[in-house]
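The letters A, B and C name the chains in turn, as written, and every chain counts its residues from 1.
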Amino acid sequence: MTKDSKVQLPVLVAGGGVAGISAALDLARAGKTVHLIERKASLGGQVASLDKLYPTDHCAFCPLWTEIRSCVLHKNIVLHTLTEIRTVEEIDGSLEVRLAQSPRYIDASRCILCGRCVPKCPVSAISSGPEHAYPQTYVIDPQACTRCGDCVDICPTAAIDITGELSQSTILAGEIIWATGFQDVDISPLEDYGYGTHPNILTSLEFEELTAESGVNKGAILTRNGAKPKRIAFIQCAGARDLRLFPYCSAVCCMHALKQAQWVKRRSPEIECTIFYTDLRAEGRHYYTYYLREIGSGAIELLRSRPGLIYTLPDGSGIAVTYEDTSTQKRLIRVYDMVVLNGALKPSLTSGQPDLAGLTDEEGLMKGSYSRMYPCGFCREPMDVEASVVQASAASLEVFLGGSSHGK
Amino acid sequence: MGNDRSIRCFLCRCHGEISRVIDLDEVARALKSHPGVRSLDVRNSLCLEEDMDVLASRVEDPDATGLVLGACSLYARGDRIRTALEEKGISPDTVEVVDIREGCSWIHHGQPREATTKAIDLLRMGVALQRHRENPDEVMVDPVREVFVLGAGPAGISAAASLVRLGVRVHLLDRAKSPGGLLNLVKRIAPEDVTSDEYLSQKQQTIFASNGGVSHYPGAKLISAHGSAGDFTISFSSGKTEHAIRVGAVIVATGAKILMPDGLYRHGNLEGVLTGIELERRFKAGQLEGNRVVFIQCVGVRDRKRPYCSAICCIVSLKQACQVLDVDPQAEVFVLHRDIMCPGSVLEKYYRDAMARGVRFLRYEQDRPPVVLGDENVDSVEVYDALTSEMRRIKADLVVLSTPLAPHDDAGRIAELFGLNRDEHGFYEVRTLMHPLETKREGVFVCGSARWPVLGRSAVLQGEAAAMKAYELISRGTLAASRLSTYRERKFSLARVDHEACTGCGNCVAVCPYDACSLEKKEGALKSTVNLIRCSGCGSCVSVCPNGSIQLPGHSAMAIGEMLKAVCEQGS
Amino acid sequence: MTDRTEDSGNIQVVLEGAGRKIVVFACTWCALIGADGAGKKRISLPATFRVIPVECISRVEADAVIRAFTSGIDGVAVMGCHLGGCRHNGANLRSARKLELLKPLLDTVGIDSRRLFTSYGTAHEYHQFAQAIESFCSQIGEMPPVSAWSRSFVRAMSARGENE
């Protein structure tokens, strides 16, 4: 309550996924100035690339979208997209954060979405951005762009400036909320899963993107080659609960496997779906009801078994999954057209940022608490959307409490 | 008829994106002569600062003017235009952004004539809406800076302790004599591995050392609750005295009850068959006999009668299994389960550790549950092992039944008092996903096991999160009811009743999803009244009123009627 | 049936399919987003429909639908969120039920109930919206306009119509 004589420092929220967005809104509504830092060009995190969400079974972007709009329109929130945190240093009880912002090239406040720049680009570096991004703006992929400048003159509102460079800046923050979430993992080092040996052995996120209503196939269930699969296997705990890769349980994959299998069934009832699982962790709010709804109908086969080897058949006609039939203890083989590897998800703080690597524990997750820094969401512990949002609010509270007890 | 609000139209060429398809000259001609239209301009890009300044400068009297802008969709640039104009002092209520780009020129690019006709229609509809718009009702809310917390378990305590540290006065009520909730009955807390006293002591100290920041009412009884976000009145009795307090927000943290097994697995008539909580009592008393212990999971739950997973009991049994091993490292401990629910990193590690310590796990199938054998005392448990497909007989001294948490018997009454919905299992319903602790009643939050069974760690987190949400509400100072909701940042048109026309039929009361309508005596007759703090502007009431006496002022039936007429005007 | 044969006798004189007018009540949280997406993708659609954005389709009372038909509209689409998945505590469920009840009623007054199209949570993607609009518009285009008799009949039926 008692205000320090020094000016109130802003709070920095790292990561614009569901956790980061919720934290930013909580803080902003309660009166803080917030800098929301997002590595990508738009907010939403992983949920933005999902199709539907359990347990509601409604579209993922819808609940997310309102919050993103609120964030963008809130006057206490300063948004930094295409920005990463480089270093954090504690100086005199405040945090000096160095940021690196990639150039946007297209000024979102001027881009009227006419799309004239797209055909001008010789290397197809310009696109209209993710399907449900907000605010809408065209984007130039900085990696692909050759700075030829062909697009600049066509833009009727002079929104394009390709002279931009990576810019460094420093923010003095009172606190940081870490909400950097997770990433997909390449699990090809675990050779038994066969990832990388066949185009239709997919990670969970790849499958979700491939089959999303807003995706390339408009919700149709098709393999990478555009064919209609007859059988799909969902392999649970692939690379998770596995001491070779991630010892932890990723907490979300049992439920999203049910979700994915169910949506396959709704769209193409003739496709056979099998879920190979260890424990079906449907313990969250209304999750068991969700589980019963899908399993009760018997349409989806549940097989309690951890598959051994997954490999491409020599003639390329399918993907073989070997497993043990627990009732007969025989090793069996089944052939599938698509195999989805659900499990391995990696907390995304450490990747590419050695300066921050010290913040995480041996499993790559953020530790419980730090001085003036509060982690929440998936980077802290694997968790679903609701838990991430709850933890984000609790972290926001910590910001207020930490500040006030410090002042005393 | 009509309205003297003067309408100023602006058409956007959008650098050709609109004007290339739509003949804006023709549109301008058609609109200029349209009743109510006072002026019309065609600009290059209304959404850019340059044009916005010009636009704002044309509005001398924002209250008497309606702006109709023929531009792009709300989600493209329309939102931006409205926000930018708001910063210039023009209320978004008076600005109608008519989408003639995404909704017209871009989807009818091959049909310029039809597109032009359509653009005229759409703009006339916009004009009709602005002309027949009434200023929305608004009440200001100045939230009481105090919070009511119901239930002093880990969730309620952490909410109260957090709020008091933020300088908010808290009223903490529990029907039990001592705080701590269910954890009082538990010896050690997993996965933190501390005693329950240690677990809660820090928070409890904050509360009881808060110099009256928290009024704690143990052994109290809730009597009634009224009001809405920012101002609730709650009365309860504590001892012989009755209290009535006013608070700005309510946090429901009433937890759940422990389900008793009702004779399942011969509980109650065979010595040695205990529930988890009975085992806790033995731990507390330091009396544990026997070293062959079998835990049976999912007792009375995940079945037809209670088709949910209670989420905590697997970990509770793992903890208790380890506690048995603490007492006697030679003990033989089995956990018979259907799935072990240990999601995440901390709990999964707890599971691995229990396995490493020698706790043995055996999976049974729902339709072949274990059978407890014995005459007077437990002798053994017979179970079909789903992994090896064999019948097994396990010698046992104790059988521990892992029963779930279930909603309290008085949950229905509490729900009624605070206007909560309950889910199919009886737990309090919340707004899902991005608003996991908020309920249909703005300003009432639910946390802990009252919402869904959770461990202490989640109960504490949810308590803190609920405290944050309550703080957001009450710390914002005076604000307009239509902006109250954290559910959206946009301003809404809320329902309004014409008391002369209302016949008091009560249809609106029956359908309102937020209990915002109620019948009250006005000049001797019952009339509907809208609580603007609760109303969300959904319009359900409008659709059932037999005589049109309840309306959304920004979108009245009259306005929609005029819009429909505008569609049909041309070409007939 | 007979009513409809009379209908076609009446109108063929004046209009062909393109002249029909269709209104679409689109929920701002769902179908309007699909509509926006269709625009962004420059999908070519028939120009006969006019969108009226609404906060929630529970606001679209039977009366608004009837009023549309009396005003001269030939097709009404009501497009909202997943049933029960709406932002107003499931408000759209109840209103959806009402609209479904209205359909047989329309048939009895000679307004083919296919003229009232409802969609719940299936038009939020650009391709879904485009597909829904295209098929509805072409369906209405193939039907004759609503007969004058039906229009006046429902006008008389609608209490609020008289108030003005």
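The rule is simple: a residue touches a chain if its C-beta (ideal position, glycine included) is under 8 Å from a C-beta of that chain, and two chains touch if they have at least 3 such contacts.
If you're wondering where the values come from, they're calculated on a predicted model, not measured in any experiment.
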Chain contact graph, described as a line, ring, star, complete graph or other shape: complete
A-B or B-C, whichever has more C-beta pairs in contact: A-B
Whole-Å separation of chain centres (CA-atom averages), subunit A against subunit C: 39
Distance between chain centroids, defined by C-alpha means - subunit A, subunit B (Å): 23
Geometric centre distance via CA averages, subunit C-subunit B, whole Å: 33
Residue list for subunit A, restricted to those that touch at least two other chains: 56, 66, 113, 136
Where subunit C touches two or more other chains at once, by residue number: 33, 40, 87
Per-residue multi-chain contacts in subunit B, two or more chains: 75-76, 487-488
For the subunit A and subunit C complex, residues of the former touching the latter: 56-59, 62, 65-66, 113, 128, 131-132, 136, 213-214, 218-219
Parts of subunit A lying in touch with subunit B, wherever the complex brings them together: 1, 18, 22, 25-26, 29-31, 53, 55-56, 63-64, 66-67, 69-70, 73-74, 109-110, 112-114, 134-136, 156-157, 241, 247-249, 251, 279-289, 292, 304, 326-329, 363, 365, 381-383, 385-387, 389-394, 396-398, 400-401, 404-405
Parts of subunit B lying in touch with subunit A, wherever the complex brings them together: 14-17, 45, 47-48, 72, 75-77, 79-80, 83, 162, 165-167, 302, 307-309, 311, 314, 339-349, 352, 363, 386-389, 423-424, 427, 432-437, 451-452, 458, 461-462, 464-469, 471-472, 475-476, 486-490
Touch list for subunit C against partner subunit B, complex: 18-19, 21, 23, 28, 32-33, 35-36, 38-40, 42-45, 47-48, 50-56, 58-64, 67-68, 71-73, 86-91, 94-95, 98, 159-160, 163-164
Touching residues on subunit B, where the partner in the complex is subunit C: 73-76, 99, 101-104, 106-111, 114-115, 117-118, 121-122, 125, 421, 440, 487-488, 492-493, 511, 513-514, 536-540, 542-544, 546-548, 552, 555, 557, 560-561, 563-565, 567-568, 571-572
